[in-house]
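Report on the structure given below.
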């Protein structure tokens, strides 16, 4: 805007705008509608070696129970002003439960998953169905499903929780309800009932033909995830298609009713790189969190380089170019908000050349 | 129509209609648009004990090879005038292959499945992917996929083929192409490559995110089908949902990309009844074929009663009321055209009271 | 099949097959699964100049009323053995109603449309909603909607009826119910209630947010169809996209709830060619009927040439190459079964080079 | 959380959390996951009588041109800390253009609409297609479509702009590109080319059968919107269905390709109340803006009462109960983010009894 003649009148106008709860576009269009995504969130790494001792201290000092509900410690992205948000849309937290502890039942609009780095002594009870949590498993607690956790072993256990808390807060769509203080069903089966019904690829119970937006499968077990990734790499060895790119196996966790994402707000995937592999560089709208499950490697992210050991987490802001290199075989879990961008026709990205 | 005055003029009119390739509605509306489905197809049973010896004789007399393509013997519904059609839309045949024989590669617009009653010595090679055929397995050869079969064992093998040949003929949509006379890949792996990629419930390869109308999974193995049915009945024993109705477990074979039917023209399902169970009586638009896989029981179908032993097949015409009673645990495979009725908004039926 | 040794044994086998209601594939695979569609239906033209006098004679001789229901005279494709079928899936008939006559109310599973070549004196009452039938209009009576017609003018009126009677018969999915002998609502409004609610492009009543497979719009008026076609050609004149191909405007009648076909079993379209235009040659799986609405031209269809005057009809068998040439501006209505082929993944065709 | 023993150790733990970019859930779960939506946004009214003079002063003082791009003055919800956001997801602004002015061409990821309260002297050129903006019209400029505006009349013009700027900012999905400084096409047709192709209910150009997420129709004219609303009320007078509730006609602007929302990020609707009508009280997740187009009435919103005159705007925070009462016939335009909630399975609400 040029050629404004009367500075005083303009100042008065802006004051009058403010008094009338108005704000001009022309003074901040570059901030509101930048040429490229300009995320506040920063690339950042949280080392498991730092997280776990802090969680253990919380385990000693802070009881888990009704009110606080969960001993969950959230990643607070350094770019987001101290809010407990890993990215503008994603919540990622380490939840810690000691031997014999119970996290009481509740339910909320925010769908959630758990991803387990180590351990197998906790059962989460989802709408009354006891689901063991074991290393490498992805466990779901979809929107408005009751869930509580109880620990039946000797060693404390820590895992990753993911929810779209920041997004749901932004959308003002939160609902929350307290459940029983105890655990409805203290059985400790190896398989949940949801798995007994649904963990059969391509076989749909005739009693459940109506599609639901959330997956009916509450546990995606590591044994099958591992087998699926291994098969992709073996097929590559044999000269057949299957991997995502050379040396890089990958799968998305899906709702067997629809083949789409397991949860409507969170995309979840598992990736495996052969030792020595470097992925293509990709970037996209929307943000992500990655966690190393097994192995060692590095992430090159928007000009920074992060070493990755087991359990380490990084946040990936929108449009930040990212590639991984595996020192050993490297298994990476990731979750992101890309489905949201897709259904709103706002998704862009891929391996297109990175513009400065 | 009443009060027609001039019979001679009317006869002349009808003759003139015929000469002009025209035909009145009013003389045959009841046939063209009956109040209820009036299928020509009949309820009928083919006993495996009759079918197998005939197939064996064909094995002795008729070589399999290019031209005839397959030693397949089709159910010819007694109501359909000698045509090789199990129902107006469905083809069902016993295919028989002897030790060392090869059914040469071809492809066609008609999607197909195989369901195996007994044996495990044949591999079908689907678009170059060798797929073992074992008892209880459902094997797919979707539309326009190359496929040939070869027998690597000692004992001849017979199985059920299902296709929508009559429907595709009616729709004049047949395409057919001959392939190599031999078998592209004589490997005999236990698992096909399609299974290695896709038989992981809720885990979708990132390399295959675009949906296809046909399932990418070429083999639905009996071990997993059996486990899925058993789990439904165990859940019933424990007081939880899962079965289709009391004592009656059932699943539909689906495309893991979409959760919908594995093939766009043929719905395929597996049912298990506890010994002593009688199902509800159901009827619907569209026709079906059922085959006993294991066990003994009876079908009551439109006023007839058929005893069912292993391998026996029955045809179910449209709108014919059907219920099963299991003497032993009874495993039933079925395929039908109900998806077609659904996508055309022509499906009706269920357990509604049977009108005479 | 070669090298069959024992002709007698083979004959005996075939006899035993027949006795057991069985039929071999190998003797008729070429008929069952031809390399290309081999339709029985023939290309054929019915001239309006022949049809109308025959309909008029029927008007004199055959009363319309309960039982016969409709004075409809069906195109009987000369290749289909005298059945009243325009193609294997499509019914096309001239319906004729005289001054003051009433075709009583009924409903059936087969969805129907009317397309009017001339006149405007008949109202069809669809589920109680009176819909005037005027030249160039497409009128719908979707599956299981009550409908009766009554004539309030002086001159008899004839129009085209289209239904998927042959397909629904094949699928054994017919249901039929008689309604009142009279007409529920003898009002003769210019606009039906369905139009008042739905004939507003891109404006959906908030009271009707649930999608239905049938269009809620019972009348697609010529005035708007004509304007839409004219606009495409004007845009072409101005150098902008819009036409289907040079000189060839075309639109499909759709369900405003979904943007898909107006009826689930019948695709309906209107085409306009500039005088002098020759279309590309196209062929596809599935069959079609075309009717000239206004103008004169020729159809070249599978090696035959048909002159087309107002009201003339032709049948297009599957895979028959077809192109039109317009002598004057030529408006063509068509209906076909292509949506059925599409949802079954059996559609092929287009402008691909014609193979002999 | 109770029974914390060592306050000092806990303080140290929280400090160490902060140092490690971590934050506990248990101290703020009530804020993060409230029992009901607790929006920061407030119910607020902006009177047109206040807005217009401010816009006129901006017209005198602030030139429109490259850089500032648009003379748009945004509603800044008093609950949102001075940000130019009507609600957490929605941007709503008055755009003002004087005689002869040009707002230069640009495009951005954020889809937009314009809704015109008064005037008709501006053309917006969308991807090269000149679209007149007239009172009561809804005009679209979907995501990544070039658009510029130019004023060809004598009287300045003001209208409402709606975009999902806050949401797209949250999602870090903004892209923006400058176009030509001038206007590509200065023609001033009454109808845009998009209307000529697409403003024909239920008639889809055969040249455009592939669905797109944005409506291809750039202008929804008031004449047709008005007729659609009038028809619903007339049908109610005659005793037929059509209105949304008694005395309350309503329609949603949809994409004719799909029947779904015209834009993937913004739901747009027009409502008409008869004089004297009070609507039901509704509330839902997600936020909205309403603008009075014609007439006078009141909004009762979360315990507040706002008088509404022509052009007045109100913001509706999530879960705030809302009902309108019409003094005269009252035409209301509204836009909201409810589609987003729906596709994320986060939508709740309706006329359910309001909980305190």
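A, B, C and D are the chain letters, set down in written order, and residue numbers restart from 1 in every chain.
As a convention for this text, a residue touches a chain if its C-beta (ideal position, glycine included) is under 8 Å from a C-beta of that chain, and two chains touch if they have at least 3 such contacts.
These numbers come from a predicted model, not from an experiment.
Colleague: State which chains count as neighbours of chain B and simultaneously of chain C.
Modeller: Chains that touch both chain B and chain C, as defined above, do not exist here.
Colleague: Would you mind naming the chains that touch chain A and likewise touch chain D?
Modeller: The common neighbours do not exist; no chain touches both.
Colleague: As a test of understanding: of all chains, whose mean C-alpha position lies farthest from that of chain C?
Modeller: It is A whose centre lies farthest from that of chain C.
Colleague: Let me have the rounded angstrom distance from the C-alpha centre of chain C over to the C-alpha centre of chain D, please.
Modeller: 43
Colleague: Just the number, please: Cα centre separation of chain B and chain D in whole Å.
Modeller: Once rounded, the distance between the two centres reads 52 Å.
Colleague: Can you list the residues of chain C that touch 2 or more other chains?
Modeller: none
Colleague: Taking touching chains as linked, do they make an open path (line), a single closed cycle (ring), a hub with spokes (star), an all-linked set (complete), or other?
Modeller: Per interface graph, the chains form a ring.
Colleague: So in the complex, which bits of chain A are touching chain B?
Modeller: Where chain A meets chain B, its residues are 193, 196-207, 209, 211, 215, 217, 220, 224-225, 227-228, 231-232, 234-235, 240-244, 250-259, 262, 269-270.
Colleague: Chain B touches which residues of chain C in the complex?
Modeller: So the residues of chain C touching chain B come out as 1-6, 9-10, 13, 16-18, 20-29, 32-39, 41, 44, 46, 50-51, 54, 57-58, 61-65, 67-78, 82-84, 88-89, 91, 93, 108-111, 143, 165, 167-177, 213-214, 264-265, 285-287, 317-319, 337, 340-341, 343-348.
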